[in-house]
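Each structure below appears as C-alpha cells.
Across the two complexes that follow, chain A remains constant while its partner is chain B and subsequently chain C.
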Partner chain A sequence: MATVTPVKPPEKAVPPPVSANPMRDHPLTAWLFLAPYLVLFGGFVLLPIGLGLWMSLHSWDPRLPAKPFIGLENYADLIDPGSVSFDPFWNSMQATGIFTLFSVPLLIVVPLAVAVVMNERFPGRNLFRAVYFAPYVLGVAVVGVVWRFLLDANIGLVNHYLGVIGLSGNIPWLSSLPEAWVALVGVTVWWTLGFNAVIFLAGLQDIPREQYEAAELDGASTWQSFRNVTLPNLRPVTAFVLMITIIASANMFGQSFIMTNGAPGTETRTAIFEIANTGLREFAMGEAAAASWILTVLLIIASLGVFWFFREKEEGGRS
Partner chain B sequence: MNRTPSSTEQSPIPSVFTRRRFLSLSALTTAALVTGCGGGTTVGGSEEGVGGFEGTYDGPAVTLDYWNGFTGGDGPAMDALVKRFNADQKNITVKQNTIEWGDFYTRLPAAAGAGQGPDVGAMHLDQIATQAATKIIVPVDDVASALGLTEDDFAASVWQPGIYQDKRYGIPLDVHCLAMYYNKDHFEKAGIDSPPTDAASLEEACQKLQQAGGVEFPFWMPNQWPAHLMFLSLLWQFGGEPYGGDGTEATFGSEEGVKALTWMKEQVDKGFSPANVDIDAQYTAFKNGQNSITWDGIWQINDLEESGMNWGIAPLPTIGEQLASWANSHNFFLTSQAAQDTNSANAAKVFIGWMSQQSAAWSDAGMIPALNEARESPEYENSPQAALGEQVDNLHFLPAVPGLGTVQAETLELAVNAAILGQKPVEEALSEAQSNATELMQKNAEKFGG
Partner chain C sequence: MKALRYSVLGLLTVLFVSPLVFMLVTSFKTRAEAVQTPPSWIPDAPTLQAYRLILDAAETPVFRWFGNSMIAATLNSILVVATSALAAYALARLEFRGRKIVMALIIATLFVPPVILVIPNYEVVNQLQWLDSLIAIIVPTAANAFGVFFLRQFFLQLPRELEESAFLDGANRLQVFWKVILPLSRPALATLALLAFLTNWNDFLWPVYVLFSPENQTLQAGLSTLQSANSVRYDLLMAGAVIASAPVLLLFVFAQRFVIEGVSRSGLKG
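Moving on, here comes the complex of A and B:
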C-alpha cells in the first residue's frame, strides 16, 4: 500500500546552464552589464561629489583663472558667527528645518489616510486615485507659478473667495510669517501627497487578508485592526517613505524660489536656495560647495537617525 | 510679465543639469583664456582687444554671433535692425541669439569659457565692470575713437560707467529709467488735471483718488522688484549716493537713504498702499485698474500699449530735493573670443558702430536713445517716453564695480523688502545691509584685484 514512488535522485549533477557558456564566467561580463549605469553614476554622482569636495577647499570663481587653495576657510567662514556668510547660511538652514518639521508629518499622515480610503472598494475609486495623484505629475515651475497667482494677497483668487464667504480677505500668504510657511507647506503637501499615497497603497495591498480575518474573528474593531495589523505591516514602507520625504523636504527650493522669492526678507529662503544663489549668482562656488557638504553631512545623520529609530522599534516589538 | 531690463533682477537659477555642465566648463575657462592670449592672429593680446580699428571692414566674409536679451516689447525692434544691417553689408552676416536677461549673465561666462560664446553682444551697463574684470569682454576704445564718439554726444552720465580701469568696454545704445504711469480714467474721475510732480501733489492726488475716484489703494508700494530701483531713485533725489570709496564702501544707509525708504514705507502707513504687495502685483493691479499710479521701468511702455488701457506716463515726482531717477543702459560689447581673430574683431566693431548710430530707430523699443542727436529725431519726439523730458538729464547709473549687482541683491534689496513689509525698522534694516554690503564689496575688490 504504502507505495511511495521514490524521487529519483539526479544521477549526475547537471552543471547549471550558467557555466555552460564560458563568456558568463568571464570577470568582465558583470562589469559590462553594469557599465551603462556606472558611467552615469560615476559621471553624474561620484565625479560631482569629488569635484565639490575639491572646490570647497578653494576660492573658486569659474570666471577667474586663479582659483587659490584656501584649505578649510570656506567651512570656517560658514561656522564663524562673525563672518558675513554665517547668517545667510544658517538662516537658510533654519528655514529648511522649519519646512521639514512641518511638511514631513503631514506628508506621512495625509497620504496614509488617503491610501487607506483608496484601498476600500467604492464606486469611482480609480477616478479618486487619479485625482489625488494628478498634481504630482506637474513640474515645480507650474505648481509655483499657479499658486503664486492664486495666493496673491491682493489680487489672488484664494483671498477673493475667503472674502466672499465673509472671512478675512487680505491674508498675506506669500510675504508674512507664519502665513508663508502655511502656504509653502500646504502647496507642497497638495503637490506631492499622491506619490507617498501610491507607495502606501502598494504597501497596504501587500498585507495578507488572513491577518484582518483573524483580527475580525478575535473581535477587533476597525481601529484596533488598523493599529495592530495595518501599522505594523507598513513599518518598512513607512520607514522608506519617511526617509525620502525628509530628504525631499530638506531639498526644497523651487516652491520658495518661485512663490515667495525668499520673502519676507530671507525668511523663507531654504538651504538649497541659498546654496544655488551663492554658487550660481555670486559665483562663489567654493563656498557653495562647502555649504552643500555641511547640508549633506547633516542629512546623512538624519537618515541614520531614521534607520536607528525604526530598527530599535522592530527589535523591541519582537522580543 | 515684462520686467525685463536690468541685470540686478533676480535671475532664474538654471537647472541642475546646467550647473553640472557649468562646473565642467569652468575647468575649460582657464585653458581658453590662456590659448586666447597666445593666439597667433591676436594683435595686442585678447585681453587688451585688437586695437587699430579704422571704422571699416573689407576682409573675407565673416559670420558674427550676436547675443542679447531683448525678449520683451523691444525684441521686434532689434530684429528689424539686424535685418537692415545684414542687408546693408556685403561681407558681414550677423546671427542673432536672444536669451532672457536672467539667463544671459549665467550663460555668457560659461559659453565664453568653452569658446562657444558670442563675438559681439548687448548687455547692461551695470554688468560691464563684472564682465570686464572676468575678462569675458575686451576694450573697444578704438570703436569710440573711429566713430568720433565722446562723452558730450551722449545722455548725461551714461559714458563714465562704461569705463573700467581706464579702458572703455561698452558703447551705449540707449538709456532706460523709471517713470510714473497713471490711469487717465481714474485721474479724470477724481478731478486731477495733471500728473503729480512732488510729494505734496502726489499725496493730494492719492487722497482725491480715494475719495472722489473710489480707488481703495491708489499707489501700491512693491517690496520686491522694482522696489530697490524706486529706493535708489529717491536716494539720489535726496542727494545721497548708494556706493562710494571707489567701489569698496556702501553708503546707502545714510540719512538720505533713511529718508527715501521712510517715504516709501509711509505710503503703506498712510493707507495709499496695501501692506503686503506680492511679486509683480502692483503692475498687474495697475493694468486691471485696481490702482491708479505705479512706478516702473519704461520697458513696460510696449506692454501697456498692447493692454488697451487708458494710461499716461510722466517723470517721477520730485519727492526729495532734486529731479532724479535710477537708470541703466544697453551697451554693445566685444568678447575676448572675437578678439582672437582680427577679422571677426573688426567686423564686430563695424556692427557695433553701425548699431550705435541707430539709436533713433531704437525708440520703437520703448527706450530712450543714448545719442543726444537721436533724441531730437521725430522717432523719439513722437514716442511716449519723450514725455519724461528733463528727467533724461538727471539720470543716475550704478558705478562700474565688478560684482556689485549680486552684492546689491543680497543687501540693499533685502533691506528694502524687510522695511516695507514692516519686518524691521527702516534705519536698522539699512544700516545692517550697508555694513554687509561694505564687507562683500571689500571681498570683491580683493578677488577682482580692484
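Moving on, here comes the complex of A and C:
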C-alpha cells in the first residue's frame, strides 16, 4: 500500500535532438508541470509518512526541546498489558473493530440493494438518487449534532415515534451499550449509503444488456441473473467500495466525538479518537504515532485479507 | 411491482428528508418549544431568536466561522484544481523518466488510511507555524491523490489531434494546456472543484485539533464548540447546523449532476 519510495530526481537534461516532431518536450517540462503538486504531496503526504515512523521511535513532546530517541519503547508499551497505555489503546481498537465489523457489511449490502432498485428507468429516478445522496454532502458535525438531537433519550423524535407505535419509548441510544453502537452504525449508514449506492449504480450501468438477455433466454430467474450476471460483473466495483468503506469505517471519529463523546465510559471512543487525544491533547506524540502505525498495519492486513477472501469466493461462485 | 418500488423509495425518502426538515423546523422554535414533548413539526411561534443568539456570540461567533469556512474551502478547492490539473496533464501526456513511479505513488496513497498522517502533519504544521490559522486548513489537505487520478482519466480521453494542430501552429506545452486542454475539461474541473470544496467544508477531525481560538474555527469544528457550550439548547444547535449545511445543500441542489457523476466515476477504474 503506502510504500515510501523517494521520487526520482529529474534526469540530467539531454539536449533534445532537433526533430520534425513538434511534440518532443524538454525533459524538465514534465517536472515543472508536476512541481506544485509534488511539493504538496511530498510535504504533506510522503514526508509525514516517514516522519510519523521517526516520531514513533522517540519520546516526542512538541513543547519540550529534547525529544530523546527511545527505540521501540512506544511500541513495546502499547503491546505490554502491564503498561498504562495498553488498556486505553486496545479498548479504542476494539471499539473501531466493532464499528467496522457492523458498518461495513451494511454499507455494502444496503447501497447495493438501493442501486439495483434504481437501475431501471422510471420517472423520478434522478430525484430519488439525489435525495439519498444528500446526507453525504453534509459534514459529520452536522449529521452528528442533528442525530444526537433526534436520538435524545427524553425528548428525541426517534423515541417519541417508537412510543407512538407501541414500543419502548425511552431507549438510551447514546449512553449505553449496545444501543450506542446501533445508533453510531445506523447514523453512519444513513450518512454514507448514498455515496456507495452511486458508485454501485455506475457499475451496474456498465454491465452489457446482452448478458441479461442471454441469461433470460437460458431461463434464468431474476435471482439467478443477479447471481450469475450482476455480481460477477460488479466484482471490481464491489472490491473498490469494500476497500474505501473499510478504510473510512476504521477511521471513524466525528460520529462518536459528537454523538456519544465516547460514552458509556470510553466504550465508543474509537482508535483515531484515542490517538488524536493522546498525541494532540496530552502531547505524547511519539506514542500516538506508534499507535497509528499499529492501526495502519492491522488495517492493511485486514483489507488484504478481506480482499483475498472476497476474490476466492467470487471465483468459486462463478463455476 | 411498480407500487412496491415507489413505496420502498418513498419510505426511504421520508427517512432521508425528515431529519433535515426537523432540523430546519427546530431552528425556528423557542428554547422551550425545541425540547417539548410531543415534538411539533410546525413551530407555535416561529422566531429567529436562535440565529440572533449564536451569530455574534463572543465564544461562538458563527458568522465569523461561516466566513472562515468559505475562505478555506474556496482557496483549498482552487489549490486542488490548479495543482492536480498541471500534474495530471504531465502524467497523461508527457513522456518522462519516473512517470510510472510517480503514478504508482499517487495511486498507493489513494488507499492510505488518513490516521497515519494526523500526528506527523500536526508536527509539520507546527514547524511551519501554521497552528491555529486557516492556512493549516487550506494547504495540507490540498495534496489530493484523487484529483490527479480523476483528471488524468479525463485528459486521457481527449483526442490528441487538437493538441497536435496547436503545436503545428507554434504553441508550447503550457499554451496547449491552457488554451486547448483546460477549456475542453471544464466539466471535469468543475466536478473536482465541487468535490474539493465539499470535502474541505466538511472536514472535521483536523480543524478540531489544529484550530484553538474561538474566532479561528471553521463551521464544522465550531459546531462541536457550540455543542459543548450549549449541550441541550437544541434550538441553537439546530440553527448552527442549518447554517453549516445550507451552503453545501444549495450547492448540491444546483450542481448535483456534477457531484454525483464525479463520485460515480471514481469507482470505475478502481
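Note that the second predicted complex is superposed on the first by the 282 of 319 C-alpha atoms of A that agree within 3 Å, B and C clash if a C-alpha of one lies under 4 Å from a C-alpha of the other, contacts with A are read in each partner's own complex, and residues count from 1 in each chain.
The rule is short, and it goes like this: a residue touches a chain if its C-beta (ideal position, glycine included) is under 8 Å from a C-beta of that chain, and two chains touch if they have at least 3 such contacts.
Being a predicted model, the structure only gives us computed values, none of them experimental.
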item: Touching partner for A:Ile199 - first (chain B), second (chain C), both, neither; value: second
item: First (chain B), second (chain C), both or neither touched by A:Val84; value: first
item: Which partner, chain B or chain C, touches more chain A residues; value: C
item: Touched partner set for A:Ile49, first chain B, second chain C, both or neither; value: second
item: Partner chain(s) touched by A:Gly305 [first = chain B, second = chain C, both, neither]; value: neither
item: First (chain B), second (chain C), both or neither touched by A:Pro105; value: neither
item: Which of chain B and chain C A:Pro178 touches, first, second, both or neither; value: neither
item: Partner chain in contact with A:Tyr132 - chain B first, chain C second, else both or neither; value: second
item: Partner chain in contact with A:Pro232 - chain B first, chain C second, else both or neither; value: neither
item: Touching partner for A:Ala30 - first (chain B), second (chain C), both, neither; value: second
item: Residues of chain A contacting chain B in one complex and chain C in the other; value: 44, 48, 51, 55, 60, 62, 148, 152, 154-155, 257, 276, 279-281, 285
item: Residues of chain B that touch chain A when the two form their complex; value: 10-11, 13-14, 19-20, 22-23, 25-26, 29-30, 33-34, 106, 109-110, 113, 134-136, 217, 220, 223-224, 274-279, 281, 284-285, 288, 290, 403, 406, 409-410, 414, 417-418, 421, 423-424, 436, 439-440, 443, 447-448
item: Complex contact set, residues of chain C against chain A; value: 2, 5, 8-9, 12-13, 15-17, 19-20, 22-23, 26, 35-39, 79, 82-84, 86-87, 89-91, 94-99, 101-102, 105-106, 108-109, 111-124, 126, 139-143, 145, 148, 163-164, 167-168, 173, 177, 198, 201-205, 208-209, 219-221, 223-224, 227, 234, 237-238, 240-241, 244-245, 248-249, 251-252, 256, 259-260, 263-268, 270
item: For the chain A and chain C complex, residues of the former touching the latter; value: 1-3, 5, 7-8, 10-11, 22-23, 25, 27, 29-31, 33-34, 36-38, 40-41, 43-49, 51-52, 55, 60, 62, 114, 117, 122, 124, 128-135, 137-142, 145-150, 152, 154-155, 157, 160, 190, 194-195, 198-203, 206, 236-237, 239-241, 243-244, 247, 250-251, 253-254, 257-258, 271-272, 275-276, 279-281, 285, 288-289, 292-293, 295-296, 299, 303
item: Contact set on chain A toward chain B in their complex; value: 44, 48, 51, 55, 59-65, 84, 88, 148, 151-156, 170, 172, 174-176, 257, 261, 263-267, 276-277, 279-283, 285
